[in-house]
Each structure stands twice: as C-alpha cells, then as structure tokens.
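The structure is given below, and queries will be raised subsequently.
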Amino acid sequence: AEKQKAQFHAQIHEFNELCWDKCVDKPGAKIDSRTETCITNCVERFIDVSLLITNRFAQMLQKGGEMH
Amino acid sequence: AEKQKAQFHAQIHEFNELCWDKCVDKPGAKIDSRTETCITNCVERFIDVSLLITNRFAQMLQKGGEMH
Amino acid sequence: AEKQKAQFHAQIHEFNELCWDKCVDKPGAKIDSRTETCITNCVERFIDVSLLITNRFAQMLQKGGEMH
Amino acid sequence: AQELLTKMSEKCFKKCISKPGTSLDNSEQKCIAMCMDRYMDAWNLVSRTYSSRIQ
Amino acid sequence: AQELLTKMSEKCFKKCISKPGTSLDNSEQKCIAMCMDRYMDAWNLVSRTYSSRIQ
Amino acid sequence: AQELLTKMSEKCFKKCISKPGTSLDNSEQKCIAMCMDRYMDAWNLVSRTYSSRIQ
C-alpha cells in the first residue's frame, strides 16, 4: 500500500508538470475556469492516451512476438 | 556526511542546468562578465525563491491544516 | 550482466528521447529515409561527442589536477 | 512534500524570474506567491481528477 | 517495457494533443497510433545503431 | 564525475550539433571543446556561489 501511494504521488507530479506547461501561461490572482477545464481535460486525455498506447502495445506483442 | 555531500552535488547539477539554460546563449572563447553575473544572480535568486516558497508553504500548513 | 543490460536500456531511452526531439517533426504514416538518416547520425554523433568530452576531461584531470 | 516544493520552485522561478537581478524585487515576490497558489490549485485539481478516474 | 510506454505516452501526447478536449477525437487517435509506430521505429533504429557501435 | 559528463554531453550536443552529419566536423569539435570549458566554468561558479551562501 505504501508503494502504491508513492506511485500515485509520482503520477500526480508527472501529470501536474505536463498539464501546468500546457495550460498555465501566466499565473493570475485566481485560477480561471478556462485553465481549470484545460487541466481537467489534460489529465483525462493523458490517461486516455496512456491506455490507448498500453493496449495497442499489448496487442502488438501478442500478434507480432517480442520487440527488438 | 556522505549523503549530505551527494545532496550538495545533486543541487549543484540542478542549479547549473537551470542557470546554464537561462544565462548561456552561445558558449564563447571565454566566459564574459555578463554571463558570470547572470549565473551568480541566477543561483542566488533561485535559492531566494526556494526559501520563499518553503517558508510560505510551512505557514500555510500551520494556518490551514494539511494539503493532500 | 543484469546491471549492464539495464544501463544499455537506459542509454537507448536517453538517445531515443534526444534524437526523437531533434529528428521527428510530425510523425507520418511511415518513417522516411531522411528521418532515418537523421536518427542514425544523431546517435553516432552523440556517441562521438560523449567520447570527445570524456577523453578531454580525463586529459584535463591529468594535466591540471582535480576540479573545484 | 519535498518533491512538490522542488518542482514548484523550478516552475515558478522559470515563470517569474526572466532576468535574475541582485535581489528579488517586489513584483517578482508577488509573482512567486501567486504562482505558488496556482501551482497548488493545479496540483489539487489534478489529484482530484486522477482519483475520480481510477476509482 | 514500462519506461518505453511512459516516454511514448508523454512524447505522443505532446505531439498529437495540442488542445485537450472532452474526448480523444478520431484524428487524435490516428495521430497517437502513428506516433507510437514511429516511436518504436526510432527506438529500434537507435538500439541497432548503438549496438553496432559498441561491439 | 559521471553525472557531470553526461549532462555536459547533452547540453553541448544540443548547443553545437544542429544537424547531425556523417562525422563531427572541425567547427563542431571546436564548439564542443569551448562549450565544455564554459560548462565547467559555470559549474565552478555555481558551486562557489552556492557554497558561500549556505555557510
């Protein structure tokens, strides 16, 4: 459980860096709703992309055998 | 003491990357005084920023309870 | 041998990131020969640069004594 | 929280200090404080979004 | 293969998703699939080039 | 010194090799040598500045 928690936190940091760079231009006095939507979508779509890639990779391994 | 030394070196590498990217455009035949000043200020101000953030974070924790 | 294999893989990842950023602009339906040449040269030249730097560093240590 | 503080320092330094001077001036200090608040907003938002997705 | 998948996800997200919307649209999904194939081409090429150099 | 050499190789490759060719030409080699000297200047300067600050 400790290890899982550490992994969860590492993921948050990774997502946060990626989505901060993508969504926050100049930090303002409050977070505006556009930035909020961008961050939420950014996290959701990044998870989609990771799942898409992981599943497609698994299929390739099954079909074509090992890489390299 | 070994661990502290390793931490010190890791910091130097981190600062050096950050300030190299900020201050060195095209590396010349000698380091010029402008680049030298930029690097010194860059390290000093980065330490200021880290301290500012760390202190403010400690205050927030005391006032508002835990983050998560 | 396990450790060497891990190091080899870490190198591949490092080279791949560096050369991907340098050589791939928009990923197309196939890898074109220009991108292929760029990646091969990128890996080869990066190894050249690393060797040049490592050898020159070793010479400096011999001549001038220790750093810092 | 060490990693959060490290990343926040890096990101906010890059956003707020374009030319490092001989001290942190007033506007830079304000920018750092705002950047820090926004970074934690983002962190909390990312954390909530990710948590609700993996449940 | 974990690290390959992580890096590939990051690089391809950056290349293909310029404005994250409420779902992955069709052209984004195609871009991700292509990017993934190219990333693995590059990985194999880098791997071959490096191997032949260090032998 | 391993980490110093790794970072120096990366930073100087990025600064000096804009289009990797079939060999390192003369001007690239000179650029790498200069970049390396400047990188170590910077490293020593950072190291001195940081040391005097934390004492």
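Worth a mention:
Letters A, B, C, D, E and F mark the chains in the order given here, with residues in each chain numbered from 1 onward.
Operating definition for what follows: a contact is a pair of C-beta atoms (placed from the backbone, for glycine too) under 8 Å apart; a residue touches a chain by one contact, two chains touch by 3 or more.
Quick caveat, the model's predicted, so the values are computed rather than measured.
By the document's definition of touch, chain C and chain E have no common neighbour. The greatest centre-to-centre distance from chain D, using averaged C-alpha positions, is reached by C.
Most remote from chain E, judged by the distance between CA-atom centroids, is B.
The centroid of the Cα atoms in chain A and the matching centroid in chain D are 18 Å apart. Here the spacing of chain C and chain D, counted between their Cα centres, is 32 Å. With centres set at the average Cα position, the gap from chain D to chain F is 29 Å.
Annotation for chain F: residues touching 2 or more other chains are 12, 43, 47. Multi-chain contact residues of chain B, defined as those touching 2 or more other chains: 44.
If the chains shown are joined wherever they touch, the resulting network closes on itself as one ring, and no chain has more or fewer than two partners. The sequence of chains round the contact ring, opened at chain B and continued through chain D, runs B, D, A, E, C, F.
Residue ranges on chain D touching chain A, taken from their complex, read 3-4, 7, 11-12, 15, 31, 34-35, 37-39, 41-43, 45-47, 49-50, 53.
Residues of chain D touching chain B in their complex: 1, 5, 8-10, 12-14, 16-17, 19-24, 29, 32-33, 36, 40, 44, 47.
Per the touch definition, chain A reaches chain D in the complex via residues 8-9, 11-13, 15-17, 19-20, 23-24, 26-29, 31, 36, 39-40, 43-44, 47.
Put simply, chain C touches chain F in their complex at residues 18, 22, 38, 41-42, 44-46, 48-50, 52-54, 56-57, 67-68.
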